[in-house]
Amino acid sequence: MDYVLAGLVGCFVALGVYLLLSRSVIRMLIGMTILGNGVNLLIFTAGRLTREIAPIVPAGLEQPDGPIANPLPQALILTAIVIGFAMFSFLLVLAFRAYQSLDADNTDTMRVAEPVNEPNPPLSY
Amino acid sequence: MVELPPAMIETLTSASDWVVVLPLVLCLMGAAATLMLRKSGGLTFIFAVLIVCAVIACEVTLLLRVLDSGPLSMTMGKWLPPFGISFAADIFGAGFALTAAVVTLAVLVYAQGERGAEDGRDGFHSMVLLLLAGVTGSFLTGDLFNLYVWFEVMLIASFGLIVLGGRPAQLDGAVKYGFLNFLATTFFLLALGLLYGLLGTLNMADIMRVAPSANPAAMAGVAALLLLAFGMKAAAFPVNAWLPAAYHTPPAVVSALFAGLLTKVGIYAMMRALVVLLPASRDLLEPVLVAVALATLLVAPLGAIAETNLRRAIGFLVIGGVGSVLVGIAVPSLAGVSGAGLYIFHAILTMTALYLVAGLIESRTGQTDSRHMGGLYAASTPLSVLFFVLVLATAGVPPFLGFWPKLLLLQAGLGEGSWVGSLVAVALVVNAVLTLIAGSRLWAHIFWRAAPEGVVAPAPAPSHRGAWLRLGATGALVAIVVAAGLWPNGLFEALRFGAPDLLDPSRYVAAIGLAGGAP
Amino acid sequence: MSAADILSWSTLIALIILGLALLISVIRIIIGPTLGDRVLALDLMTVIAMGLVGTIAVRTGLMLYLDIAIALALLGFLATVALARYILSRAATPPDDAP
Amino acid sequence: MGFGMDASIALVAIAPFVAALLAPFIHRLARPYAGWVLALVPGGIFLFLLTLIEPVVAGGTVSASIGWVPAYGLELSFLVDGLSLTFALTISGIGTLIVLYSGAYLKTHPHLGRFLGFLLAFMGAMLGLVLADNMLALFMFWELTSVTSFLLIGFDHTRQAARRGAIQALVITNIGGMALLVGAIVVHHLTGSWELSALGGEVRGSGLYGLVLGLFLVAAFTKSAQVPLHFWLPNAMEAPTPVSAFLHSATMVQGGVYLLARTTPWLGGTEAWTWILVCFGGATLLWGGLGALRQNDLKQMLAQTTLASLGLSVLLIGLGTEAAIAAMLLYFVAHAFYKAGLFMVVGAIDHEAGTRDITILGGLADRMPVTFIGAAMASLAMIGLPLTLGYFAKEEMYLGLMHWQWSDMAVLLVLLAGNAMLAGVAMLVLVRPFLGPVLPTPKLAHEAPIAMLAGPVVLGAASIVASVMTDWLGHTLVEPGAAAILGEAVSSHLTLAINPASPLLWLSIATWALGYLVYRQAAAMRTLLRRFGAGLGWTADTVFDAVMFGLIRFSGAVTRLLHHGRLEIYLATVFVGLALALIVPLGVFNGYGALLPNADLGNWSAKLSWPQLQPYEWGVIALALIGLGAVLLATNRLVAILALGIQGTAVALIFLMFGAPDLAFTQFMVEVLSVVILALVMTRLRLDELDQRPLEDLARDGTLALVCGVGVSLLLMVVLSGTLDTRLSDLFTATSVPIAHGHNIVNVILVDYRGFDTLGEISVVMAAGIAIMALLRRRAKPAVPAAPAPRRRRKAAP
Amino acid sequence: MIVDIVTYAGCLLLLLGALFSLVAAIGVVRLPDLFTRMHAASKAGAVGGGLVLLAVALLCFDVGVAMRAIVGVVFLLLTTPVSAHLLAKASYRTSDQLHLNMVVDELKSKTGQNHRA
Amino acid sequence: MNSLIFRTIAPLIVAVMLVFSVYVCLRGHNEPGGGFIGGLIAASAMAILGMSSGAAEARRALRIDPLAIAGFGVFIAGFSGLLSLFTGSPFMTSIWLYLELGQTSVPLSTPMVFDIGVYCVVFGTISAVALALEGGEEEP
C-alpha cells in the first residue's frame, strides 16, 4: 500500500506543479496547497504506513501493547500543515491586495516591480 | 521497564550554556512582547533595541566560549540527541549569528531615523525581531527539521516586512518573492521527508553518522533537492529571479535587512548540508555546483551593469556574492570553506550597508533610478565616502574586507591544480572586474555627474535627529567593514581555529554528544 | 456469527456505503450547476465524512475519533455559512463565473 | 635594525595616509597655506629616506616587518635596497614639490583639501608599493594606487571626459591588478612564500613559469601603459596637471617598471622575458614618440612622450645587461625629474596663459622668465645634452647595445629613432611657447607664484648637480640599484669626460641631429600623422569604448532576457530544476535499479498486489483523485475552492485510516478554515478563472508537471524499498508515558521532545498574523492606479 | 447478553445511518433543482449522520463517550437547519434558475423581486 | 448575513464551540487534540460570531486585541521553556507539579503551559485574520 500512496503523492505533486505554472494567481495558490498536501503525504508515507493504530498509549498502560503508527512523521506533518496554512493565508491575502492595487490577477500582467520595455542602460560614463 | 540513561542527559546543564539558545528565545519573546506593546507609542523601538543588545551580549559570550573551547551545544528538553532537538554553535554559526544581530541593530536604528513619527503599530519591530530569530535559529540549529522551521519563521517575517507600506510595486515584488521562496521551503520539506524515510533521523550529527550507509542514489537525489532548495533561498543562478524582482521594492531598511541576512542563511545552509552533512553526495553533485557557481559569478554582475535602478543593481551584486560563496562549496578545501565563511561575514555587513547607503541616496535625491541622479559628490561628502568604500569592498579591492575572502577563494581555486579550479578562479577574477565596472559606473552616474537636466539637484543635507541616526547606523557598519579589512588577523585566527570543523566535523559531533557515541 | 463478527461486517458495509455516498455527493459538487448546489453537496459531504469517521471509530474501537467527528460537524457548519455568505455577496457584484 | 627601524619604515608608509585623512581639515584651518603645511609630510619622509642611503650604499639592505595577519602567515614586511630606495626617494622628493605646487595651482578650488588628501594617499600607496617585500602587501598598495588615481583623474568630475578617463584607468589597471594577485597566489603555491626577497630560481624552473610570467607581465604592462594597453594614459591627462606630473609620468606608471625590475632576479633572464619586453617596449617607444608628434596640446604631447619613456624603460629591463639596467635606473630618475618639471611648467603656462595649445603660444619667456629657466633645464635633460642626467641615461643605453649583433642593431635603431623623437618634442616644448614672437593668449600671462615655480627649478637644478657629481651618482644610485635588480655587485663607470673616438658620442650627436630634424618638420609630420590616424579609423581607445558599450548592451540584453518579470517563467525554471534534481541523480547513479530489486517481473507485481488495500481505502484514494481532477477541470473559482475541499478531506481521511487522528483532525480544520478564508477573500476578488494558457503551453506545462510527479513517486519508492530506522519513534513510544507523562505520543512529541519546533511553528503563525495585518492595514486608502502596465492577455486556444 | 443486543442495535443504527446518507447523496444528485435537493441533503443527511453518531454512542460502552456522541447529535441537529436556511436564503436571492416546476414562490411576496440579482 | 435565525442561534453555537475547544486543548496530552486544534476551533467560533453579528461586535466581545493574544501565547510558550533554567537543565525541559486538591491530584506542567500558549497563538492569529477579512475595516 505504500507504493499506491507513493503514486498518489506523485499525482498531488504533478497537479500542484501544473497549477503553479498557470498564470492565474488563485490557481497558483490552489496549486501551492495541493503541493503542500502532497509533501505532507510524502512525509507520511516515508515514515511507513500502519493501518488504523493511532500512536496513543491506552489509558492505564505504560507502553502500547502492539505495533502503532510511527508518531514522529505525524508530528512533523502537523508542524508542516500549520506552517503551510499560515503561508497559504498570507499568500491569499497578498493575492487579494495585489489584485486590488495592481488590477491584475495574472502573473503575465503583473509587471510593476520589473517593468516591461525598460530602456537600455545609458551608454555613458 | 524503560531505562532512563539512554533517553535523557543526566548531567546538570550549567546556566552559562544557555547562551546557545538565549539569543533565539530572547528574539522570539521580544517579538511577542513588542506585539503586545505595539499600541503603546514609541516604546517598541526602545524595547526592540534593548532586546537586540541583549542578544548581541549573549552572542559575544557564545563566540568567546566557542573560540575558547570549540563547538558548544545544548539539546532541548534534556533529551539525549538525536531524540531531542540540538542547538550547536561552531565558529561559523556563532560568528554569523553575532554579525546578523549587529546588522539588525544598525537597521533598527536606521529605521527609527527613517520612519520617525511612525510608531511600531504596523508590527515592524516584531517582524524584525522574528526575522532575527529565524536567522539566528538557522545559524545555530543542529537539527534539519528545526532548520526548516526557522527558515519558515524567517520567511514569513520577511513577507511581513516586504509588504510594509503596500505600494503596488511592493505587492508585485512580494508575489514573486512569496511564491518562489515558499516553493523553496516546500522543496526543502520534500527533501526532509525523503531523508527521514532513508535515514530515520533528523539530527545533523546523526545524519553524518548514518548517511554513508544509505542508498547512494537516493541520497544523491535528496542532496540535489537540497541543493535546489537552498540554491533558491540563496539566489543562485538560475533560480535567483525572486531577488532582483523584490529587493528594490520595499523601504530601503527592509532591503538592507534582507540583503544582509536572507541569502546568507540560504547559502550557509547549503554549505552545512552539502559540505558537512552529505559530503559523499556533494562529490557526486560537484559538476553541478561548479556550473552554478560559474554561472552565478558571471551573470550576476552583468545585471549590476545593466540595471539603472540603484537598489536593483545592488541586488545583482548580492547575487554575485552568493556566487563567490558557492565557489567555496564547489571547491571545499580548507581555503575554500574558510573563504566562503569569511565571504558570508563580509557580505552580511557590506550588503546591508550598501542598501542603507542606497536608502540615504534615494532620500537625498528623491529618485530611485540612477539615470535621474547626480551631483551627490559635491553635495555630500559622508555619503560619497560610504558608497565608495562599499563599492570597493564589494569588488574585493584591498584593504577592505571583501579582499580577504576573495584571496582565500582564489587560493582554493588555484590550489586545486585542476582545470575546474582554474576555471573557477578565472570566473572570480572576471566577477571582480565586472563588479568594479558596475560599481564605478554607478559612482560616476550618481556621484560625479552633475544632476541631469530636468532633475532637481540633491536636497541640502537634513540635520534633524533622524538623519543623524541613519547616517550613524550606516557609518558604524562601514566602519566595521573598514576596520575588519585593515586588521583581519582576528578573523583569520578564528578561521584557523574553526574552519577545519567543517571538513572534519568530529569536534562538532562530539559537542552534540549523540546517544550511542560518536561515529 | 458472534456479535464481534456482526460488528465487523456491518462496519465494513457501512464504510463501503458511506464511501459510495461520499463519491456520489462529490458528483454534485462537480456538476453544479449553481453555486448553491455545490455548497449544499459539500455540506452533505462533510456530514457523510463525519459518519465515516464515526464508523471508523466503531470499527477500530478507538473512541478518540469521535471528537473529530464532532468537530467536523461544527466546522461543516462554518464552511457552509461562509460559502452562503459568499453566494450572497456575489449577488452584489455581477456574476463573472456563472456557467 | 631594531624595533626603531621597523616602526619608522612602517611610519613612512602610514604617515601619508594619516595626513590624507587630515588634509580636508588642515585645508579648512590653514586655507592659503595648506600646501605648505602638508608638504611637510613628504618632505619629512624624504629626509628620513636620505638617512638610509648610507647603509644601503654600504652594501646592505634595510628590512622591516610588522605583524599584519600572522594567523595567515602574512607580515607587512618592507625591504629597502638600492632599487626601492631610488624609487622611494624620487617619489617622496617629487611628492613634496607636487604638494607645494598643488596648493598654489588649485588655490581657489573649494575641494583643495580633498585633492591634497588623495594626492597624499596616493603617495603613501606608492611608497608602500616600492618598499613592500610581501607580495600581498605589494598588491594592496598597487590597487590603492589605482583607486587614488581613479579619484584624481576624475577630480574634475562634472566633465564626462574626466569620468571616462578615470573609469578607463581604473578598469585597465584593475585587470592588471587581478593578474598580479593571481600571479602572486600561483607563486605562493609554487614556493610557499609571500616574500619577494625569498624567491629564487624555483619559479623559473617550474612548469607554470609561462603562466606566472604572463600574469606578471599583464600587471606590469597595464600599469606602465604598454602598447596595446596604453590608451588609458593619455586619457588620464584629464586630471589636474599636478596629478599628471606626479602620477602619470613620474611615479604610478613607473610602478609597472618597478615590478619588472623587482621580479627580474627570479622571473627574468629567459628568452621569452627578453623578447616580450623588448618587443612591447620598443613598440611603445615608437608609438609614443609618433603620438607625441601628432598633438598640439602641450599636455598631451608630454603624455605621449611618457608612453615612449615607459616603453624605453621596459625595453631596457628586457635587455637586462648591466649597462641596460644602469641606464634604466638613470633614465628613471632623469625622466622623473624632467617630466615632472615639464608638466609643472605646462601647468603653469595653462594656469597663467589660459591655454596649452602649442600653435597659439609664443614668446612667454619674457613674461615668465623663471618658468622659462625651469623649462629649459628640463627640456635640455630630455634632449640629453651633457651636464644633465638625461645625457648619462642615453649614453648608458647605447653602451648596452654595442655588441654589433643584428638584433642589437635593430634595437639600437629603435632607440635612436625614439630618442630622436623625444628630443624633437623637447625642443618643441621649449621653443614654441617661450621663444619667438609674442602671441596673444586668453589670459594675460605673468609669472607663476613661487610654490609653482619651486618644482621645475629645483628639479632642473638637481638634475644638473647630480650629473656633475658622477662618482657620487654611480655609487649611490647606479651600483646599489643595479645590484638589487641583477642580484650581483655592479661597478659604475660614469664619467663626464667626452671621448670623441667613442661611437657613443656619434650616436648622441645623431640623436640630436635627428631630433632637430623632427623639430623643424613638426608641423608637416603632425599633418601626416593625423591623416594616417584618420585613415586608420579606430584606435585602442575607441576599441575600449566599443567593448564597454558592447558590454553594457550585452548586460542589458542578458538581464532583460533573464529577469523579464514574468513569474510563470521563473517558476518553470524552478520546476525544471526540480525535475532534473528528481530524475537525474537516480538515473545516473543507479540506473533506476533500486526500483527493480531483482529485475523479476513476478516479484514486481507481488509488490504492488491489490489486496493490501481495503475497498473503502480505495474509495478514499478515488476521492482524492476525483478531487484533484475536479480542481484541474474547474472552470470557475467556487468549484475550484470546493474541489480543494474535496481533496483536503480525502487527505484527512487517509491520515485517519492510517492511524493519525491528530493529523486528520488538524487537516479537517485547516481545510475548512482555508475554504472559509478563501470564501471571505473571494467576495472581494473577481477572478478570471479560465485557464488562459494556449494549448502548446498546456502541453509543455503538463509534461513538466508529469515529470515532476513521476520523479517524486520514483524517489519515494526508492526510499520505501529500504527499511526505516525507527530508533527515534521507538524511544518516544517507550518513554512517552513514564517520563513525559503523556499518552498521546504525537502531542508529547509536539510539546516536549520536539517542542522547540512547535515554538518556531507558533512564531510562524504569529508572524503570519502580523504580516496579514500589515497587508490589510492600508486598505482604507484608494488603490493607487498601477503603473501603465499593458494588459497583455493571451487568447485561449480554441 | 445485553451487550449483544446493544451491539446488534448499534449495527442496525449504523447501517441505517449509512443508508440514509447514501439516500441523501443520491437525492442530491437525482433531484431536479436546488431547493428539492436541499430537502434531501439537510433532512436525510442530518438523520444519517445523527444515526451514525447514535450508533457510536451505543457501541462504545462508555458513558462519557456516549454523552459526547449525543452532544454531537444535538449539535448536528442544531446546525444543519441553520446552514440549510442560510444557504436557501442566499441561493434564493441570487438564484438565476429556480426550477420551472416551482408553482408558488412564497418568499416573493414578502421580500419582493428586487432582492434578486 | 442578516438572518434572524442565524443571529439567534450563533451565540449558542459559539459558546458550545469555545467550551469544546478548551476541552480539546486540555486533554491533548493524552488523546487527539492539543493547543493547535483547540485554537483552531476557538478561532472558528470567532469567525462564526463575526459572520453573524459583524466584526466590530465580535471584537468588542473579545475585548482584547486578538494579535496581542497571539503575542501573549508566544510569550508564555517561551516562558514555559525558560523555567527550566532554574532546575539546571536545558531549555524546554518539562517540569511537572502535582497539585493535591482534596482527593484528586491535578497535574500542572510546563508542557501544558506551552500548549496553552499554542492555543492562544492560533486563536489570536486566526481570529485577527478572520475578523479583519470579515470587517473590511482596519482594527480599531
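Here the chain labels run A, B, C, D, E and F in written order, and each chain numbers its own residues starting at 1.
The rule is simple: a residue touches a chain if its C-beta (ideal position, glycine included) is under 8 Å from a C-beta of that chain, and two chains touch if they have at least 3 such contacts.
Quick caveat: nothing in here was measured; it's all calculated off a predicted structure.
Least step count on the touch graph, chain C to chain D: 1.
Should one ask which of B-D and B-F has more C-beta pairs in contact, the pair is B-D. Chain C and chain F have CA centres that are 27 Å apart. Centres computed as Cα averages put chain A at a distance of 33 Å from chain E.
With each centre defined as the average position of its C-alpha atoms, the distance from chain A to chain F rounds to 25 Å. For chain B, residues that reach two or more other chains under the stated contact definition are 1-2, 28, 31-32, 35, 76-77, 84, 123, 126, 145, 149, 152, 156, 159, 163, 166, 168-169, 175-176, 179, 183, 190, 194, 197, 244-245, 305-307, 441, 444. Multi-chain contact residues of chain C, defined as those touching 2 or more other chains: 15, 18, 20, 22, 35, 39, 56, 62, 64-65, 67-68, 70-71, 74-78, 81-85, 88, 90, 98. Shared contact sites, meaning residues of chain F that touch two or more other chains, fall at 1, 6, 13, 16, 30-33, 36-37, 41, 44, 47, 67, 70-71, 73-74, 78, 81, 91-92, 94, 122, 125, 129, 133.
Chain pairs that touch one another are A-B, A-C, A-D, A-F, B-D, B-F, C-D, C-E, C-F, D-F, E-F. Interface residues of chain C facing chain E in the complex, by the touch rule stated above, are 3, 6-7, 10-11, 13-15, 17-18, 20-22, 24-25, 27-28, 33-37, 39-41, 43-44, 47-48, 50-51, 54-55, 57-58, 63, 66-67, 69-70, 73-74, 76-77, 80-81, 83-85, 87-88, 90-91, 95, 98. On chain E, the positions that touch chain F within their shared complex are 75, 78-79, 82, 85-86, 89. Of all the residues in chain D, the ones that touch chain C in their complex are 614-616, 619-620, 622-623, 626-627, 630, 633, 635-639, 642-643, 645-646, 649, 652-653, 656-657, 661, 664-665, 668-669, 672-673, 675-676, 679-680, 682-683, 686-689. The residues of chain E lying in touch with chain C in their complex are 3-4, 7-8, 10-12, 14-15, 17-19, 21-22, 24-26, 28-29, 34, 37-38, 41-42, 45-46, 48-49, 52-53, 55-56, 59-60, 62, 65, 68-69, 71-72, 75-76, 79-80, 82-84, 86-91, 93-97, 116-117. Residue ranges on chain D touching chain F, taken from their complex, read 661-662, 665-666, 669-670, 672-673, 676-677, 680-681, 740-744, 747-748, 750-752, 755-756, 758-759, 762-763, 765-766, 768-770, 772-773, 776-777, 779-780.
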